[in-house]
Amino acid sequence: MAILKVEHLNKHFGGLQATYDVNFEMKSGELSAIIGPNGAGKSTFFNLLTGYHKADSGRVIFQGKNITNWAPHKIVRLGIARAFQVSNIYPAITTYENVRQAILTKQKRTLNLFIPAGRMAKEETTELLEITGLSSFSNIIAGKLSQGDKKRLELAIALGCKPELLFLDEPTAGMSGEETLETMELVKRLNQKLGLTILFTEHDMPVVFGYAEHLTVLHLGSIIAQGRPEEVRKNEMVQKIYLGEEA
Amino acid sequence: MDASMIFAQFMSGLSRGMMLFLIASGLSLIFGVMNILNFAHAALWLVGAYFCYTFWYLMQGTALGLWLSIILAAIALAAVGWIIEVVLIRRVYNRELSEQLLLTYALVLVIDDLIKIVWGVEDKLIERPPVVADPVFIFGAPLDSYFVFVIIVGFGVAIGLWWFLKKTRYGHIIRASVYSREMVSALGIPIPRIYTGVFAMGIFIAGLAGAIQAPVGSITLGMDMAVIIQAFCVVVIGGLGSLLGTFVASLVVGEVYAFSILFWPEGALVLIFIVTALVLIIRPWGLFGTPVRT
Amino acid sequence: MNRYSWLGLIFIATLILPHVIGEFWIHVAIEILIFGLFAVSFNMLFGYMGQLSFGHAAYFGVGAYATGLLMLKTSVPLPVCLVFSMVAAGVAALIFGYFCVRLTGIYFAILTMAFGQLIYYIIFQWYSFTGGDNGLQGIVPPGWLLNVKNYYYFTIFIVTAALIVMWFISESPFGYTMRAIRDNTERTRFIGINVRKYMLINFVVAGMFAGLAGGLLGPFTRSIAPDLCNWQQSGVPVFMTVIGGPLGFFGPIIGSVIYTFLFAFITGFTEYWPLTIGLVIIFVVLYMPGGILGLVHEKMDFFKFKHLTNDIDKGLEKET
């Protein structure tokens, strides 16, 4: 069952065609990756799907609803969350408060003007911090975290939105080998245990081939190959354009 | 109401627009290059008017003295601007917007009181030199010849600025620094020096505007309050940072004033406010500004 | 001694105050309270939401005129007038705020200023209703509040109640969300918040409390003028907040104390108040960006209020 359908998506910036006639589908519960050289249009693609940019033409359909060009907050409320490539956290508050903010929003309690937030969502927040391995940083001001921990917080915030579809933009960027493994194992667990549909983009090839069930390759804004990772690997054009440097 | 009367109103509006342009152009230039909205621009303009009065007075009130005073006042004010930039403005380049606004806002208070201390509270009057005492007749309509002078100066400054920014090396450097401070620095040109120069230039024009304003009516305390609001409106309508926009908007606002006197005297300012508010709501970057995400 | 004990002590001190100071200083104290409330309402936009409004006095003025007109032309009791003030200011804030929250940064500042001036001109020109530039004269508080000490206690009561409400708002999920909007607007959009809607709600609430402060002013000074709405007046809460420190709840109140005392002191022997406050603000902006609270936080561990510390850390994080 397709949770996400993208049809003939187009976007240009000035003279640059960043996304060209992209057709894409994701099944519920899938763990997929989208790769491509720098400038291929991966981030633009995420931006189009999450309402950050307006598409020139084409459709984005989520769970049967046409969400093309919807405002970002409406898309999030529908069940799509996003972890940004450059960690987009709240630097001035604690890790705990960062995660709690997302959870309270999901719980629709943010229009509450009169009850102190201090006691709210304690369990859910602590749980999420544990799952993402951030418990020991609970009371640290998020701006002071290391790059890798900020990425993990980024993931925790996205999870706090309780999404059904999760976009991860380079989730392991800036992480050590051990942190990478921890993060990707977590991603796999979330996918398998909670049935979260996850689409991630990465430059780290072992991560891609180690975890993705389905692979899409972007080049200059168009999809040039998609399918099971082993098959895509063998695709000549892909090898020439992208993997060729590493083959 | 006949054609020559309409023409006279039109020219009056043109002159008023040019005055506004002289004030607003410096504001727009400073914002366009340095991204700082100088609340104190009109206060400095007023200082320019007072400088002109003092220089004229010192030259024993001669006609030649007035023309000299205008230039001296502009130069003197540019020097003041230079000092202000180096001592104060430079420290808030990289600070938050609110801190920059507060600084220039506080500067208004300081400057206005300093004016009071130095020049006192009485109005100052400059006698018109004979060469502009009589009206000139264009198309049969009598026009205040000083207004014509203002229009000429306005055009002169507009063309001068355009030529400076488009055709000279310095102008190119300034425009380049708007696009990329890093590149200009990397080429070995210090950004603070550019900014100080631009600020001083903007204040020079303000001084020129103030000095030219001086012989029109009298110089009064608090004149700058009404002017700064109009200047803001002009700069917003035309587009923050766009000199062409400032020019067009100044003329439009000047004409609105000129013609509203005929129908609805108090309404001019309200009308301009409404237009400014509309511009901010519908198209915040104004007529000629570059579209930004607000 | 924790922070609540300190607050309790200060509150008791304010209750005892009128019995130990002269009548002039009771007037000063009332002024501090009214403008303190005004400044705290401003800080909802500045310190919490992160936007600088140069037109907040418009809602202060609307509140003042609402109470003033009701007291002069009807026999509505003062507490009810104050409610009307809040509603009137809230409505004005809703109308103008709808447009203002579509902008941020410098455009927000200019538009709020433009709307503020618009309200000023409307009140100024509408002679038949508002008395134009003559303002409203002879606004007399009800009998039981004629004694300035009583008015002081009345003001303490209202202002304290308002501050408690605003405190709860700042501690609520809404309050945290507003600070989140300041901290990282984009992220807030991407966790599902309609930022514009929240900013409008905040703008209206801030306007309502400004209106309440304005309503308290009329019967106190016995007359009000359109000047209460102009952009110079809008600068007053800004200055108070900046001096006291925008990043803590009580910053604007500390600012109000300092500003009002300074004003009373300076105008006692010179007319050059604008020069003085201008220099003070320049000094604060250049050397004390966190205001008094920022200074205290840095230098004196003793005075750390936990909630305030958090807020100050927020701001200082941003500035470094």
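Each chain carries a letter (A, B and C) given by its place in the written order, and its residues are counted from 1.
Note that in this section a residue touches a chain if its C-beta (ideal position, glycine included) is under 8 Å from a C-beta of that chain, and two chains touch if they have at least 3 such contacts.
If you're wondering where the values come from, they're calculated on a predicted model, not measured in any experiment.
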Taking touching chains as linked, do they make an open path (line), a single closed cycle (ring), a hub with spokes (star), an all-linked set (complete), or other? line
If you average the C-alpha positions per chain, which one ends up nearest the average over all of them? C
Per the C-alpha means, the centres of subunit A and subunit B lie apart by a whole-Å value of 51
On a C-alpha centroid basis, what's the spacing between subunit B and subunit C, in Å? 33
Can you compute the centre-to-centre distance for subunit A and subunit C, using the mean CA position of each chain? Integer Å is fine. 42
In subunit B, what residues contact two or more other chains? none
Within the complex, subunit C is touched by subunit B residues 37, 88, 91-92, 95-99, 101-103, 105-110, 112-114, 116-117, 229, 232-233, 236, 240, 266, 269-270, 273-274, 276-277, 280-281, 284, 294
Sort out for me which residues of subunit A touch subunit C in the complex. 50, 71-74, 76-77, 81-82, 84, 88-94, 97, 100-102, 104-106, 109-118, 120, 141, 143, 157, 160-161
Partner subunit B, residues of subunit C touching it in the complex: 46, 52, 54, 99, 102-107, 109-111, 113-115, 117-118, 121, 125, 231, 235, 238, 242, 272, 274-275, 277-279, 281-282, 285-286, 289, 319
Touching residues on subunit C, where the partner in the complex is subunit A: 165, 168-169, 171-177, 179-180, 183-184, 186-195, 198, 201, 205, 310, 313-315, 317-318
